[in-house]
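Should a chain be cited, it is by its letter among A, B, C, D and E, assigned in written order, with residues numbered from 1 in that chain.
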Amino acid sequence: TTLKDFQGQKGTVNIAGGTAHIPVMKAAARSIMSAEPDIRITVTGGGSGVGVQQVGEGLVDIGNTGRALKESEIEKYGLQSFPFAIDGVAVAIHPANPVSGLTQEQLIKIFTGEITRWQDLGGPDAPITLYVREDGSGTRETFEERGLNKAVPSTNSNVSNSNGAMKTMIAQDKNAIGYVGIGHLDSSIKALPVDGMQPTQENAQNGSYIITRLLYMNTKGEPQGLVRLFIDYIYSKDGQGFIAAAGYIPKSKD
Amino acid sequence: MKRPLIFHVFRSSMGLSAALVLGCVGTLFFFLLLKGLPTWGTELFFGDTAPMDAIMGKAPVWEGIWPAFMGTLCLMTVTMGLVLLPGIGCGIFLAEYATPLWKKRVNTAIDLLAGAPSIVMGLFGFTLILFLRRAFFPEANTCLFLAAGCLSLLVTPVLVVNTREALEAVPSSIKLAATSLGLSKNQIIFCLAVPMAVRGIVSGSILAMGRCAEDTAVIMLTGAVANAGLPSSLWAKFEALPFTIYYTMAHYQSQEELNLAFGAALLLLFLATAMVALAKLLEVGHKLFWQGERPSVLQ
Amino acid sequence: MDKVSVYFFGHQVLQEITAAFQRHNISVLIGRSGSGKTTLLRTINRLNEEFAGCVTRGQIFLNTGQEHLAVYPQDDRKNTGIPQPAPLKLTSLRQRVGMLFQTPNIFPVSVYKNIALPLTLVSQAAKTEIQERVYQALQLVGLWAEVRDGLHKPAQRLSGGQQQRLCLARALALRPDILLLDEPTASLDVHASRYIEDLLTTLAEQYTIVMVSHSLTQARRVGHTIMICSQGRITHHLDRDEQLSTAELEVLV
Amino acid sequence: MDKVSVYFFGHQVLQEITAAFQRHNISVLIGRSGSGKTTLLRTINRLNEEFAGCVTRGQIFLNTGQEHLAVYPQDDRKNTGIPQPAPLKLTSLRQRVGMLFQTPNIFPVSVYKNIALPLTLVSQAAKTEIQERVYQALQLVGLWAEVRDGLHKPAQRLSGGQQQRLCLARALALRPDILLLDEPTASLDVHASRYIEDLLTTLAEQYTIVMVSHSLTQARRVGHTIMICSQGRITHHLDRDEQLSTAELEVLV
Amino acid sequence: MTSSQKTESFFWAKTYVHLAAGLVISSIFLLLVMIFIFAGPALFDQGHRSIFTWQWNPYQGQFGILPMLMGSMILSVSALLLALPLAISLCSLLLTAPRRLSARLIHMVIRFMTAIPTVVYAFAGVLLLTPLVRFSFGGSGLSWLTATFVLVLLILPTMVLVLNSGLKPKLDDLCPQGLAMGLDRLDLLWFFVFPHTKKTFLAAGLLGFGRAVGDTLIPLMLAGNAPQVPMDLGQSLRTLSAHMALVTANEVGGAAYSSLFMAGALLLGISALVSLISRALVTS
């Protein structure tokens, strides 16, 4: 699929959900709308939970999730999933923090509130501030399932409601620990290897980094018309470019 | 001069608290001005789209707050369109026609509505649309119209109360004089009282518009999105300044994106301040015109 | 006026007052504060009814020369079989009875509109006729010379005395049969009061005037009849020829 | 009082008034509405300054018998070298000059506290002394008998006349040198006014009284001096022996 | 135009007024009914009993919103406790120096504050106040304390204006006479006005509380949103309103979703109570 396929099309595609997807969606929307002004594509976040809910209720055409749909969700709404990229979830701390790696056991103890000070981890004499994502976030579910082995994080943690917000908070707080999609990593925060696994997209792709997930687009029933075209466009060469530019590994349509 | 100690404490605390509040608000304002003003320019509004194209709606704007600004304006217009007639009418009803019992009832209801948090209003809109989809219109969706509808519920009390007060401020002696001349009740209301109250009503409407411009929680649940381009129809999703600020704050990846939020915050601040200032000006003019009083412009 | 009683919230303010006000006469009501003078005036144009908690009993008849009219609708419960005149509609009653309040009570519009607006609303008169009547009324109260240049300026700019006369003009423009005046000179200084007093004496030739006054000397100067109110009753009723000195009046009050 | 001018928003209300009010005398100001009588009273205790847009020029001196005091601070720009008496502090000036307003203006506390509270705040008197002075003041204005049982009931329950006297008592309790009275009987009926007039005549033996009145007869009854105000000036100044009849006064006004 | 025509046009005007009132009342009614109908399942459904518990952990099937209720209450109460004395002393300043330039400036600033959108407060709070709080108290800077400060700024102007309009007429009544006796304005205010205006204080307080409890963006962006009852001012908390903004991210119909309505109904209930009490106070 290329931009040519959109020629002469008009209509609206509404997209909402996972915040990790936004850069890809925006880039695709921008390229399509610039070529075909009659097409309107609206993009907003909200988190994976919002994606499921809104697409299920029919409020948007494509609901993005940063996790696989649950059986119950598929059943209830008749959703169809389109995984298009691989992303890892990296544990992140402030760049000034000398801690340079954690074991998974330590990670679990930190997030469940057993370890509360950095000096227990070889860091400075300071309390640890925990940051987690809101319930319904795909990033959170992935992290808790793969990273924490389903341990329940302490209620004492601050809640951010997007990957971006999480990154900003960690970048400002010397004592922070949190997690973001690998695509969001940059020099303002420091990603920590877990059990020696380096959080990079390559490792996520080749399976040596295990806290990974797929990014999905979901539609209610079989996608039609413009929505179909849009999904195909994400899988196209252009789309793969946007995915790579956002820091994810493109995944071809199976 | 016998006065308790606490009195003297209080006396000295007055200046202190004033300084505190002035300091806080001053810092906030100058911070926004300092960070916001340098971002102002065509870049802020239109991103890299040509301004003329953007204004005409020929090309979508990507990294600019123009669509959000237009969205906010549209939202205000539609909301006012929805709320003006019922709100003012209800105000007239309360001030002039309602029996004491009804007056009490309606005032209570209006008070309840005035107290309702805006997030609850947003939830109401969201649920309403789900309900409508299931029961009547499968095509219904969150959109500009829904957001405007919920916002109009939110600002109804402002409008009703202002109208009511403007009408109640019409001196009863004037109504009595008109009655003694043999005018009927409707004549007095529509030929004398309402024209006398009109500026009070207008300033109430402007305050209501200010509230439309600033509210975030309602539109968050009823159709505001991060990227939609210029508002295209009543039934489409839209962008709005307050939502843009909130969203950018949560998602920004770079300083440029944060600058967008600064620009939007400043613009929104100006918009809201302009509304309040305009309402105040009208109020002053109103007093001057009708009562010949000379209220201080500063108060 | 026949056995008129007025109650406010169950408290009887007027006690079965029976009185007659002669046509083309000035009747002056005097009495201490709170004795019910204002209330008595307001029974005549049923303005008491605009206040909460007011109940009026009794009947008032108007004799306009041609007609004999009842002010209050007939009380069915007490129907005595004696035919009573048809009651007037409320608004047309009030058009026939002009009232001037203690404090000038102008509308916050222009001088011209103050008179023209009620006139347009209550009469079917054409625009030119209305203008005619506005000018006439202003001339009658001697305001014409003072306001001719500021006819369309806000009426609030007039002085107290001018405002009081404007109110009078407004009432007169509606061509009432009866004029009720509640302390028309209370807020005016000596000169302005004198002017109004003279005006009233002239007007008495065409109108039936009932006025309330606090000034005994004024009552003696303009009243054809003086009635003294006390605690909701008319205790004394003096015609011009039997009028007393100010001091004697003071004792009575 | 020396060349006192008062401006409101640039509009000159008093025009360089120079006058002297004799000690232990009652001076009555009469004049048409808006002629500046109230404003003139208020220059004496600098109360005009509490209103927006007011500017006062000129100087007023108080002669309390022992001292010679200036009401307004000296104007440095015009320092003529002639030694002027030290100006008074604003609050102590106002304690020396009691003022009674046209409408009784009681505080929403009990009768007793109405007098006692200001007294506690401005004087160093002990509790028993304050009680003493409250009782004295109430007796002086003849209110003692009427309120002795209700000393701690809200003062709002008093009748208009009683309230007016309470205000007077409150002013007297502070032991001022000068009493300013603005139409003290305007809202009272004939009997109550008479009582106040008699009281004033008694008080004049101890206080210097300046009062405004609208009633020419009243002015003649109580005033040692009558001053006629007109358009911000004192046009006439009549001592008791050269007083005129009411009618003549009326002409002057 | 004849008289009957005029009556006719007023007939329509009158009808319009009544229709408008009917419309407004019925939409208010609809709003209340809908919120409570949707909250119903949360209240009565056996499966959702856990809503009134202290644990919020959807993955473990725990849907307690009591921490959020607590969060709302303590945040608004603390904002109120801080704002009320501030509001009273600001209002006293306005009243006792009515013509002084400083007082006019403050009045203008207060007016201006009413116009500042809450999202702008929250935005500036995140960028200005959070680093400051983090620097001086440690932790994330997103905390009870931070949200309280910004909420105080939010509710202050309303409270000052309500106090001002309640106290000013009373003071103006006393002023000329009181001043003539050598008292100053603050004396009058303190000894004669304050003792008789408890209701005005209460009304201002309730209004401020109502605004604080209903605000969403400030707690959402500044309070940290941890679903816990904070033990000290530096800890993070979650309010009902912020909870609602966070939890819309759930499938329709589940327990989390009905907790959303429960939160809405609670918020509405609190604000209704507050406005009814203040109305009763003002009218009595």
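Going forward, a contact is a pair of C-beta atoms (placed from the backbone, for glycine too) under 8 Å apart; a residue touches a chain by one contact, two chains touch by 3 or more.
Molecules present, by chain and UniProt name: B, E = ABC transporter permease subunit; C, D = Phosphate ABC transporter ATP-binding protein.
The structure displayed is predicted, hence computed values, not measured ones.
> Chain pair with the most contact pairs?
Counting C-beta pairs in contact per chain pair, the top pair is B-E.
> Suppose a student superposes the Cα atoms of chain C on chain D; what rotation angle should they report, nearest 5 degrees?
175
> Going by the average position of its CA atoms, which chain sits the greatest distance from chain E?
C
> For chain D, which other chain has the most distant CA centre?
Centroid comparison gives A as the farthest chain from chain D.
> Measuring from the mean C-alpha position of chain B to the mean C-alpha position of chain C, what distance in angstrom results?
A distance of 48 Å separates the two centres.
> Where the CA atoms of chain A average out and where those of chain D average out, how many Å apart are those spots?
Once rounded, the distance between the two centres reads 81 Å.
> Let me have the rounded angstrom distance from the C-alpha centre of chain C over to the C-alpha centre of chain E, please.
That gives a centre separation of 52 Å.
> Mind checking the centre-to-centre distance between chain B and chain E? Centres are C-alpha means, answer in whole Å.
Spacing between the chain centres: roughly 16 Å.
> Please list all residues of chain E that touch 2 or more other chains.
6, 187, 248, 252
> What residues in chain A touch two or more of the other chains?
Correct list: 57, 160-161.
> Provide the list of chain C residues touching at least two other chains, using ranges where the numbers run on.
Correct list: 121.
> Going by the contact rule set out above, which residues of chain E touch chain D in the complex?
99, 170, 173-184, 187, 191-192, 195-196
> Residues of chain D touching chain E in their complex?
45, 47, 50, 52, 90-95, 97-99, 101, 105, 107-109, 117-118, 121-122, 167, 170-171, 174, 180
> Looking at the complex, which residues from chain E come into contact with chain B?
Per the touch definition, chain E meets chain B at residues 6-7, 10, 13-14, 16-21, 23-25, 27-29, 31-32, 34-35, 38, 85-86, 89-90, 92-93, 96, 102, 104-109, 111-124, 126-128, 153, 156, 186-187, 190, 210, 213-217, 221, 241, 244-245, 248, 252, 260-261, 264, 267-268, 271-272, 274-276, 279.
> In the complex formed with chain A, which residues of chain E make contact?
Residues 55-60, 67, 130-131, 134, 138-142, 224-228, 235-236, 238, 246-253, 256.
> Using the touch definition from the top, list the residues of chain B that touch chain A in their complex.
58-60, 62, 129-130, 133, 138, 141-142, 224-229, 232, 236-237, 247, 249-253
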